[in-house]
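So, here's a batch of structures to check.
Next come two complexes, and both contain chain A; in the first it sits with chain B, in the second with chain C.
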Partner chain A sequence: MFLGVTLLIALIILPFGLGSYGLSLMISVLIFGLFAMSLDILIGYTGLVSFNHATFFGVGAYVVAILFYRGWDNFWLALPAAVAASVLLATVLGLVVLRSSGPYFLMITLAFGQMIFALAWKWRTFTGGDDGLPGIPRPDLGFPVSMWNEQNFYYLVLVFICLSFLLLRQLFRLPLGRAIIGVKESESRMQALGYNTWLLKYLAYVIAAGFAGLAGVLYVYYNGFISPQELNWTMSGMAILMVVIGGTGTLVGPVLGAGIILILQNLLSAYTERWPLVIGMLFVICVIHVKDGIAGYVMKLWEKGWKGYESPGSEKPN
Partner chain B sequence: MKALEVRSLTKYYGEFQVLKNVSFSVEPGERRAIIGPNGAGKTTLFNIISGTLKPTLGKIFFFHRDVTYMSAYRRSRLGIGRTFQITNLFFNLSLMDNINLALQISNSSLNLEEFLRSWGFWEKRRTRVGNLSYGEQRQVELLLALAQSPKLILLDEPTAGMSPVETEAITRIITELPRDITILIIEHDMEVVFTLADSITVLHYGQILCEGTKEQVKSDPRVKEVYLGTAGEEV
Partner chain C sequence: MEVTQIIIQVLNSISYGLLLFLLAAGLSLIFGLMGVINLAYGSFFMLGVYLSLAVIEQTGSFILALLGAATAVSLVSMVMEVCFIRKIYNRELDQVLLTFGFAYIFMDIVRWCWGGTPQSLPKPVMLQGSISILGAIFPVYRLAVIFVGILLALVLWLIVEKTRMGVIIKAGVDDKEMVSGLGINIRLYFTLIFALGAFLAAVGGVLGGPITGAYLGLDSEILVLALAVVVIGGLGTLKGAFLGSVLIGFMETFGNAFFPNYAMMTIYITMVAVLVLKPNGLLGKDERP
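Here is the complex of A and B:
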């Protein structure tokens, strides 16, 4: 709790201490942080390693851009429409991909992700093909605060990521969310207790897609441009790295993971083209040595350092 | 009225026939032990009754209702509870969260605190289940199934790996369960079987070798030959 408030205050005062370069990097971190947080619903809470999460991020972004190109530029209409499109696609895709589990689930999600990537590439009239859709302006929220100002846009993104976090944290305290966690822990036991585990996984898949769509919306408004590249498996893979490095099953961890990866990428790419190698090594270290990711590691230090040695807590760290 | 009826059950794993034309039935309130050497097909039989596996041939009736093609979770809602031979709990969740997952879906009126107190587990409610001792975990295995207030409960080797003291404790718990729960128990410890069960079914290489009251099964020459020949030791 205290840790969370500290983090929030830090994020609120951060823009005052950053130059324009740092600020724009932080906006990316928050947007990708939200994207990774939404994937954590699947990886960390449901036990599904999905490899097409970028599909829903990309669809959210494309819907905003396509609507804009057709003259619909109202933010308060485009946002729910984009999220709804991601959710709708997930309700259809989920029916197919959730027939398999384990490594097969990973493969089939990858396959469908690449199919939709190819579709965005080929369907020029709608998506602009490989040229993408450039020139998406910052949103007009309808009140006199300009989103062209980086600082204001930063706070807009911050509000959305905080709201998403609070919603999701609440979800995993409700019976539905507890049941989703139960599926990750033991699907066979959940069935023996009378849960329709297929339905629980399906709901998680759809919810995760909705939040990924929201991240995509913020992304396209920020970036001003969307291309098929954002739907590619590399995007899904990067989100997985962010979740694992940051810490699965924590919601906040993946945001830290996004920060670490994007900042490293920015720092390193100035010196070497081989920056993915460094991130890959970091991933391996996290998988082998810090099983709970950076967030889990920080929580452990925190409990040792400040709280002393209390009896091991039973609740999951949120 | 039968609580459970298994009719001509046959199961193949590929070419390998695990169950061969198995038929038996259990009365409401009855306590039936299923015994037989390792690999006899006992766990497979439980998986088919609970719905985790589909039979190759044959039918399952639960209180005269054909449940053969019903999914596992629906059977559970009808009142078929089970435990697992290999401890199968929500290890990263607290004991309280484990039991709550059972309570929140069942339509039983059990209260968490009363339930955990009555089993002497209230003080440990906040403990992560993975941190409980093995003996305690085997008890929680049973508690989870009981928390859903089943009509029929399938117990797959509840005493497996337990010390003699723990075995005695869990045997007492099962013995003292209310009689409106029908019990099917797989058990290797013959002392436990003779304490708990009203009747016994002996499964041998996927076939029912013999079936009857404790006394009948004890004195059956075929059982003596292939099973009790090793005189009540674990087989």
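Here is the complex of A and C:
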């Protein structure tokens, strides 16, 4: 609790200590942090390694952009519409992909993710094809605060990520959330206890998609541009890396992971064109050396002296 | 449709299907026998394409390109297996991250060495031209793909089902300690299988290169195609991969002929249809590892 409040205060006063470059980087970190956090619902809490999470991020972003192009640029209408579209897609896709599990699940999600990617690429009249959809303005919230101001937009994103975090933390304290964690720990045990584990996984998949869609909405408003690249598998893989580096099953960890990767990427791309090479090596190093993720590490240190309590599901899924 | 046209479409389907089998066989083998998810699989294919391009530019020989590219890619994959993959058998998430990282690394190396401009590969001289089958004109190169595909399917089937190596590997998947206890160096066999998978990907790259061309992003396209084939056929069964590829070959070719606007979706529609009916693919087993 104390740690959380300190972190929140730090995040609130942060814009005052940052230049415009640092601030825009921080906004990206928070948006991708939310995206990674939503993936953590699957990897860290449900034990599903999904490889098409970028699909829902991208769909959320595309819905906002497409609505804007059709003349609907109301934020309070576009936001729920975009999240609903992601959720809807997940309810349909989930029916197919969740028929399998483990590596099968991973491969099938990857294939479907690329299907949607290909669709966005080819369906020019709607998505603009590989040119993407440029020129999406910052949202007008309806009160006299301009979102074109970076600092205001930062707080908007911060509000959304904090709300999402609180909602999700609460979810995993409720019986429903505990049951989902139970599926990750032992699906057969939960089945024996009479739970419908398929339904629990399905719910987790849909919820995760909704939050990914929300991240996509913030992304397109901030970036002003969406292209099929945001639906590509590299994006899903990057999110997995963020979750694992930050620490699975912690919700906060993935945000930290997003920060590490994005800041690193920014620093590196200033010095070398070869940063994908370095990111690739980071993946390799991460697999060989990082066990619980950074957040897992910090939390263990913290909680050892605090109450000797271990966070649920902080160990890596198999 | 006239008879000759149907013959051509059927031959096209078979040759495309067998090309897909060349792509998917290695992935199916690595996953089926070792249980390793290899997301760098498409990168092996892409490396095969680009390396063969380099060799052809230097020597002009297609055979040298085939041998050189396949050997080089196999060696790279062996190093990868011995240094990294070996440490993470049975750790799905780690395999995903590791091989995804390698996909990034290979992609950037290709961009570094060859730049981002798409390039095309010449068809080998001896396979240019076309011949007439039952009155239908058909390119020799496609016939060659059919021939190599069938040959490779037979060889792989023999290796897995009829040789000592196949038996040892299957036993090793079930119980690694036991097989090691019998004095067999199971790790060596696993490395060989991984290299064989990479070898197949590279061969697919060299043969398929003249059809696909060489460009960045080829790796993920091939990976997804191979995944779709393997998922449709049933993970880890070579027979399934064969069946899946031929099925997709027919669906794609005839889908193109009848519904040209939805061509790129046929493969996914096939996948959904199969998965809805049989969640583990056409020949997939019911139990999961």
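Throughout what follows, the second predicted complex is superposed on the first by the 287 of 318 C-alpha atoms of A that agree within 3 Å, B and C clash if a C-alpha of one lies under 4 Å from a C-alpha of the other, contacts with A are read in each partner's own complex, and residues count from 1 in each chain.
Operating definition for what follows: a residue touches a chain if its C-beta (ideal position, glycine included) is under 8 Å from a C-beta of that chain, and two chains touch if they have at least 3 such contacts.
No experiment lies behind these values; they were computed from the predicted model shown.
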item	value
First (chain B), second (chain C), both or neither touched by A:Pro80	neither
Which of chain B and chain C A:Gly4 touches, first, second, both or neither	neither
Touched partner set for A:Pro137, first chain B, second chain C, both or neither	neither
First, second, both or neither for A:Tyr195, with chain B first and chain C second	first
Touching partner for A:Pro175 - first (chain B), second (chain C), both, neither	first
Partner chain in contact with A:Glu185 - chain B first, chain C second, else both or neither	first
On chain A, the residue positions that both chain B and chain C contact, one per complex	316
Partner chain C, residues of chain A touching it in the complex	43, 49, 51, 96, 99-104, 106-108, 110-112, 114-115, 118-119, 122, 232-234, 237, 240-241, 244, 274, 276-277, 279-284, 286-288, 316-318
In the complex, chain B residues that touch chain A	50-52, 71-74, 76-77, 81-82, 84, 88-97, 100-102, 104-106, 126-128, 131, 144-145, 148
Touching residues on chain A, where the partner in the complex is chain B	175, 178-179, 181-182, 185-186, 188-197, 312-316
Of all residues in chain C, those that touch chain A in their complex	31, 35, 37, 39, 84, 87-88, 90-94, 96-98, 100-105, 107-109, 111-112, 220, 223-224, 227-228, 230-231, 235, 264-265, 268, 271-272, 275-276, 279-280, 288-289
